[in-house]
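These notes concern the structure reproduced below.
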Amino acid sequence: MDKVKETAKKIRTMEIRGAGRIAKAAAEAIRDYAAGLEAASMEEFSSSIQEVSSFLISTRPTAVSLPNAVKLASRYSSGNVEEARQEIIKNANIFIERADRALEKIGQIGSRRIQDGDVIMTHCNSHAALSIITTAFKDGKKISVIATESRPRRQGLLTIRHLNGFGIPTTLIVDSAVRYYMKDVDKVIVGADAIAANGALVNKIGTSQLALAAHEARKSFMVAAETFKFSPGTIVGNPIEIEERAADEVVDPAIIADLSHVQVKNPAFDFTPAEYIDMIVTDIGIIPPAMAYTVIKDHLGWEVEEI
Amino acid sequence: MDKVKETAKKIRTMEIRGAGRIAKAAAEAIRDYAAGLEAASMEEFSSSIQEVSSFLISTRPTAVSLPNAVKLASRYSSGNVEEARQEIIKNANIFIERADRALEKIGQIGSRRIQDGDVIMTHCNSHAALSIITTAFKDGKKISVIATESRPRRQGLLTIRHLNGFGIPTTLIVDSAVRYYMKDVDKVIVGADAIAANGALVNKIGTSQLALAAHEARKSFMVAAETFKFSPGTIVGNPIEIEERAADEVVDPAIIADLSHVQVKNPAFDFTPAEYIDMIVTDIGIIPPAMAYTVIKDHLGWEVEEI
Amino acid sequence: MDKVKETAKKIRTMEIRGAGRIAKAAAEAIRDYAAGLEAASMEEFSSSIQEVSSFLISTRPTAVSLPNAVKLASRYSSGNVEEARQEIIKNANIFIERADRALEKIGQIGSRRIQDGDVIMTHCNSHAALSIITTAFKDGKKISVIATESRPRRQGLLTIRHLNGFGIPTTLIVDSAVRYYMKDVDKVIVGADAIAANGALVNKIGTSQLALAAHEARKSFMVAAETFKFSPGTIVGNPIEIEERAADEVVDPAIIADLSHVQVKNPAFDFTPAEYIDMIVTDIGIIPPAMAYTVIKDHLGWEVEEI
Amino acid sequence: MDKVKETAKKIRTMEIRGAGRIAKAAAEAIRDYAAGLEAASMEEFSSSIQEVSSFLISTRPTAVSLPNAVKLASRYSSGNVEEARQEIIKNANIFIERADRALEKIGQIGSRRIQDGDVIMTHCNSHAALSIITTAFKDGKKISVIATESRPRRQGLLTIRHLNGFGIPTTLIVDSAVRYYMKDVDKVIVGADAIAANGALVNKIGTSQLALAAHEARKSFMVAAETFKFSPGTIVGNPIEIEERAADEVVDPAIIADLSHVQVKNPAFDFTPAEYIDMIVTDIGIIPPAMAYTVIKDHLGWEVEEI
Amino acid sequence: MDKVKETAKKIRTMEIRGAGRIAKAAAEAIRDYAAGLEAASMEEFSSSIQEVSSFLISTRPTAVSLPNAVKLASRYSSGNVEEARQEIIKNANIFIERADRALEKIGQIGSRRIQDGDVIMTHCNSHAALSIITTAFKDGKKISVIATESRPRRQGLLTIRHLNGFGIPTTLIVDSAVRYYMKDVDKVIVGADAIAANGALVNKIGTSQLALAAHEARKSFMVAAETFKFSPGTIVGNPIEIEERAADEVVDPAIIADLSHVQVKNPAFDFTPAEYIDMIVTDIGIIPPAMAYTVIKDHLGWEVEEI
Amino acid sequence: MDKVKETAKKIRTMEIRGAGRIAKAAAEAIRDYAAGLEAASMEEFSSSIQEVSSFLISTRPTAVSLPNAVKLASRYSSGNVEEARQEIIKNANIFIERADRALEKIGQIGSRRIQDGDVIMTHCNSHAALSIITTAFKDGKKISVIATESRPRRQGLLTIRHLNGFGIPTTLIVDSAVRYYMKDVDKVIVGADAIAANGALVNKIGTSQLALAAHEARKSFMVAAETFKFSPGTIVGNPIEIEERAADEVVDPAIIADLSHVQVKNPAFDFTPAEYIDMIVTDIGIIPPAMAYTVIKDHLGWEVEEI
């Protein structure tokens, strides 16, 4: 339990951050806890596992990969303690291995959709989206990329550095220039913070503007997302909260210190409706956004009752 | 002629800048030149005025207000030198006075469209758009404003300071948040660098994204533009060139110095199609964008043959 | 002046009502006033005509046909009292005659757009729209009509009676069934209370729903409107106020008497954006909505300065 | 069998009406019939259950909840009469219990999507839609409602009375005012008479106009529907018939008695295409309309062959 | 009069065909008739000119350039026979000269809108559209063309031969491939058979499919049209009839001889709504489609009363 | 194995062609091979079946029905050679029987969606689409058909002959007239060459133009497709290649022989996005396009890992 608490603390303090790392840490914590759990009866085993699962999930309620990892890692069907323990260890390891390979699989699958000569626009700095782009380039496709600055935190600077490392020709633009350059774009590829039951995408602020402009010009809009990004809570109506970040990311406080009628708003994410998304590239293949409910129910294994 | 050359130099070196100031300086130059012009015959007078007009227009070919000012200021119908001179002086003064009052008139006209409680989004730092907003506020309408940062030059910081001076509640957002906040917006008001014969708007990069998002949510999109912003050259097909500005406005050169596969693109303006514009508020009233040709032909007085 | 006051009173008390009748009464009042006006000088004549014009216009500020009638009827260019008087008499009579013939002309022009077999949907009870429909039927075109009930005042019952009088096969539907029947419709024809400078239509509540459903199914949406329905005030930004009518038109007060948390809203008109209007059939021909500014300026003769 | 016949008669004569009540009555009838069924063999048992099922379904072919209830209540897998009987009793009771709780669950799930300050538009008088609204209000969210009159039968009057009982601020409007008020609306919530395999909604006439206007303004359009509203027959192409109701609901027969060219059309329902529906709130969670086939096949258990 | 009759006969028998040739022949006929007309009085002169004008217009009622040519060529204001004769001769010559230069001017104006590298799609075989394309190529712009086959008469084969003569790289596709290739297109340029008062375009069957596909992908859709293509009759509602051509253009009669249930439909033209047209390139400059009424009234000089 | 090779050869040389015939031939080949396979161990049996399966699939990689047939026909779960053999024989026979009945079932299901009086547009010559049309006609529905010529290969001539044989009133039009006649159409029904994981349709060039025009006018667009047309490879991103056919199908080589700047492009198929498809009529019922992934995974039985 100490190790579980340690993991939980690291997740809470954001020492462990990023959907994938959180997911794996949680699965490992469950696995190791189950491996060492001394239980006199199946009831005791069950209730301990249940308790630890709930505890882990509660450490960062907004991290959608956390309940998915705990759910998939803590499954067992046997009524025998030893067998159940082995099931958990096996399921946790399967989850961890799949999570490890998810980015690679998304890269391979998405890369097949890229054509020689494609100009790809991307936003922010998504590992899954970049996996598709760099895989396609390594597969020999002559592509180029238009990367947005992604204010306020300018993650676009990470993206151009990453792509430059692969030798991929890349153009940096300000976020306001997205529609201006859309006529030159063949495909837009972005990542996902979360995907809701009705197929809506939650991602870095500005994503929905790329989607809208791509839709207007009928350019393909692809989302790259590991299946643990699908939000089980949305099935029962839980809204996905949009984090409001500090004003000083947007403007130096000194500049607005004396502007008493001015406030700054800095939402970290926005919503992209399913109708603007052509496909979601996941580790279990390409799906339309309307399949989100099925992914949550059949692939992640959630029942409405337990959410 | 010395004074004309001096004015021309100031326009060329951008000592005189801004559509309105350029227009007035050119009209004054024509007026003063005509006032002092010694001409032995009407032919001489005509050819001198023509020469000076062409010279002034050539000093900054991309400034749409320049030919309009010269055209309207240099009109005369008389065949008598002295009468023609007086006509030019009168027409130049009329133009100057109207240009002086244009922002105020646009403010008055546009203000009547604003309703109590309106949330207005604006982009960059347009004097004409701000004239509408501040006039409405001074008229007692309880409004608030959402101002975009307007990367790369962040003219939004000028806008929030300007609005704060009037005591108007203002929210600053990054350009990527335009669509996210559109649901809370009642009207979008932007300025114009130029308006083409088919009603398309040329304005600060990002304007077309506000227009697209406003259209998507059926929010009113108003353009505030003096009539001298309507581009006569577009009637005969001359394209409006989009200025490409320095990369260092977007990113510190040091950051990308070693990124050999990365380039920066920094267009200053974009195009907004007429179908996304609900109305243009001008000094001669509210018009739909499809009236641009009529404004250029009937109000500004251009004939196809002379462009 | 007594007769002018009498006319003004009748307009104010709505003894004279309807855009056409108001317009004609005002033109007659101006004409008769000018005919009997004793003026020692042109200045006196001018100021008297100006005064009476303003007085008439002020009697019902929301009636768009009133300023148009006064404007067109009170025009004169001569500097001689007697000539000016005759000009006014002539212009007033021209206006009255044109107003008299406007419905007939609209009927003739619009009828030519109707094809044999057309199913036409109409809303409320517009004389101009019905003029097109009945003219087409009298021209031998086998048409049928779908008429909406037009709650709350159910003017659809007037419409079906009117059409029945001509022997035109007519179907009555509730307002909620507009979209359901749109698939069977060839053209939608409605009237106008006012048309704004940017081509937007103000007409009976529900009109914009017909327009939206017609646009969705790409059915032709025609507006029938006399030119005196074009609103000069909208050029300078004056909003068109939507009349809020009594709640008891919607529901028997007894029914909601004890419902303390319930209110009733009963706006009489709504706005239809120009983009949903295929053409406006006027007494000066068929125009696209974007020509509204030109109609107000060139045909009705308004200058921005005088509004 | 007598009791089955009695239930069937009540359903046929509409003594039992409403999708939920019909569903429960049918499930009870199956259950009680199975409980008392004397069968010498499994063949006899099977054929009796089959016969009663078909008989019940045939009593009101247009009630979509009827086949779903019979299907779910009459399931058994055992080849033993006594076990099969117990399965049916159990499954019927599960169905009844779920049907009983469906409105409450829909209310809980949908309520989570409602935000403080939301203005919600609703049409007609849907128990499921009202369950979401009242649950949200009871959850402490400060909401208000715009309710349509819902001509011809004016079920809006029931809705405003119901909402008034909860103290929810409610505005009553005529159906023609739907688009006019859409700009003030945050979410539209309606019920469902049936949902087709391709996600299209069948609901009270006028529903598709709310959906179209919501789509135009990008407002959220939610459908509240128990899973037994999903129509199995639509999978194999059976059309959903739209009931044509009596003309006197629309207009007093006396008014049109002498109008020989006038007819009245009064369809009770209309179709809303899936693309205008953002989500369907069901007792098994929130789903996109494209999941309808899966609900019918996996949740309701229908195979194409047996429809 | 003999020469007028000869010209009329040639137009009627289609010996003279094509909008431009018809227009010029009619203007010449009017001019020469006026030049030789012996008239004892102005009344006689007027009625003779009127008679000949009507006669010429009646020879081919569907040729929109015919009334425009006659109208512009037969104008005079003087009340003196000799002066009126000279006015007609002058106006006819002006018309003829402008008609002669119209294609060249359209080419020059439109060419300025073409950018280096543009891929241009065109349909059928429009001289005005080809004038823009070849002028742009001659101006040194590296462009390429996608030409449709344009069934049934396959005028695309003329187009590719014409373009090949200039050395312009051209791709021939079937009409069904228009949307498939639209993603590679920068601009669509087509001609016009007629343009209606509300800005709608009548052109070769299939044109509206190019327009729709261009609109879908937000590619620029330009119409190249001489001003004499604007239809005056449409102002007063006259519909433009679509010619139905012979079935054997579509299919060898032998193939369908025994197919008694099969008919062939072969309309020569279709309608493109104004909202899909970005600009019309005319000999008086670039206009939006909504300016059609103004062109007909102000440029062509038609009054509603005289149509 | 000889027989397998023979079948493979016939598929490769296109002696066996058409999705259905290919599918059945492959299933028969697998079945007969399994029936005669002599295997000493389960390992040998498995690897032989695997080898033959791969060999068959490789004979024509672009035929989407081939891997689906092989997959469904070669399934077995037993670890015993004889049982596995019987499973394959049974599964192959089931597949063959279902494939045989698929067109009939699609006809029955789709026919129920057709209403008396419907005008149906179809493209090319799809057996599945025609099955719906002729079944509806045989069911007594008075329908008529508009058939496109379908250049370049003019399969429309086959379609009109086929429909004429049933006595169905049919109109033949050129492909350019699709949008012109869409206003008269109630439903569009086309076949499918393949359907991708995100619901996009691959079908005869021009199909997407029918879909776009139907969408524009809100006419129903139905796809008729056997389930073996759903492409498993698209789940993992494999693109569907569009066959480029010979230029001489489009134009006689002699005509373009001397046109050195002209090339001909002749793609056989195009893509229709899912959002333009109202429903897909399959042998397992009516589904929305978003269900494609589920069909591939659950009905056809493909796992991402094995593609």
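By letter and in written order, the chains are A, B, C, D, E and F; residue numbering begins at 1 in each of them.
The rule is short, and it goes like this: a residue touches a chain if its C-beta (ideal position, glycine included) is under 8 Å from a C-beta of that chain, and two chains touch if they have at least 3 such contacts.
All values reported here derive from a predicted model rather than from experimental measurement.
Chains making contact with chain A as well as with chain D: B, F. Both chain B and chain E derive from one sequence, and where they touch, under half of the residue numbers involved are common to the two copies.
In whole angstrom, the spacing between the mean C-alpha positions of chain B and chain D is 57.
The geometric centre of chain C is 36 Å away from that of chain E, both derived from CA atoms.
Touching of two or more other chains is recorded for residues 216, 275, 288-290, 294 of chain D.
Pairwise, the chains that touch each other are A-B, A-D, A-E, A-F, B-C, B-D, B-E, C-D, C-E, C-F, D-F, E-F. Interface of chain B with chain A (complex): residues 148-152, 157, 160-161, 163-164, 167-181, 204-206, 208-209, 212-213, 216, 250-251, 255-256, 259-267, 270-271.
Considering their complex, residues 108-113, 115, 275, 278-279, 281, 284-291, 294 of chain D touch chain A.
Listing the residues of chain C that touch chain B in their complex gives 197-199, 234-239, 273-275, 288-290, 292-294, 304. Of all residues in chain E, only 183, 216-218 touch chain A in the complex they form.
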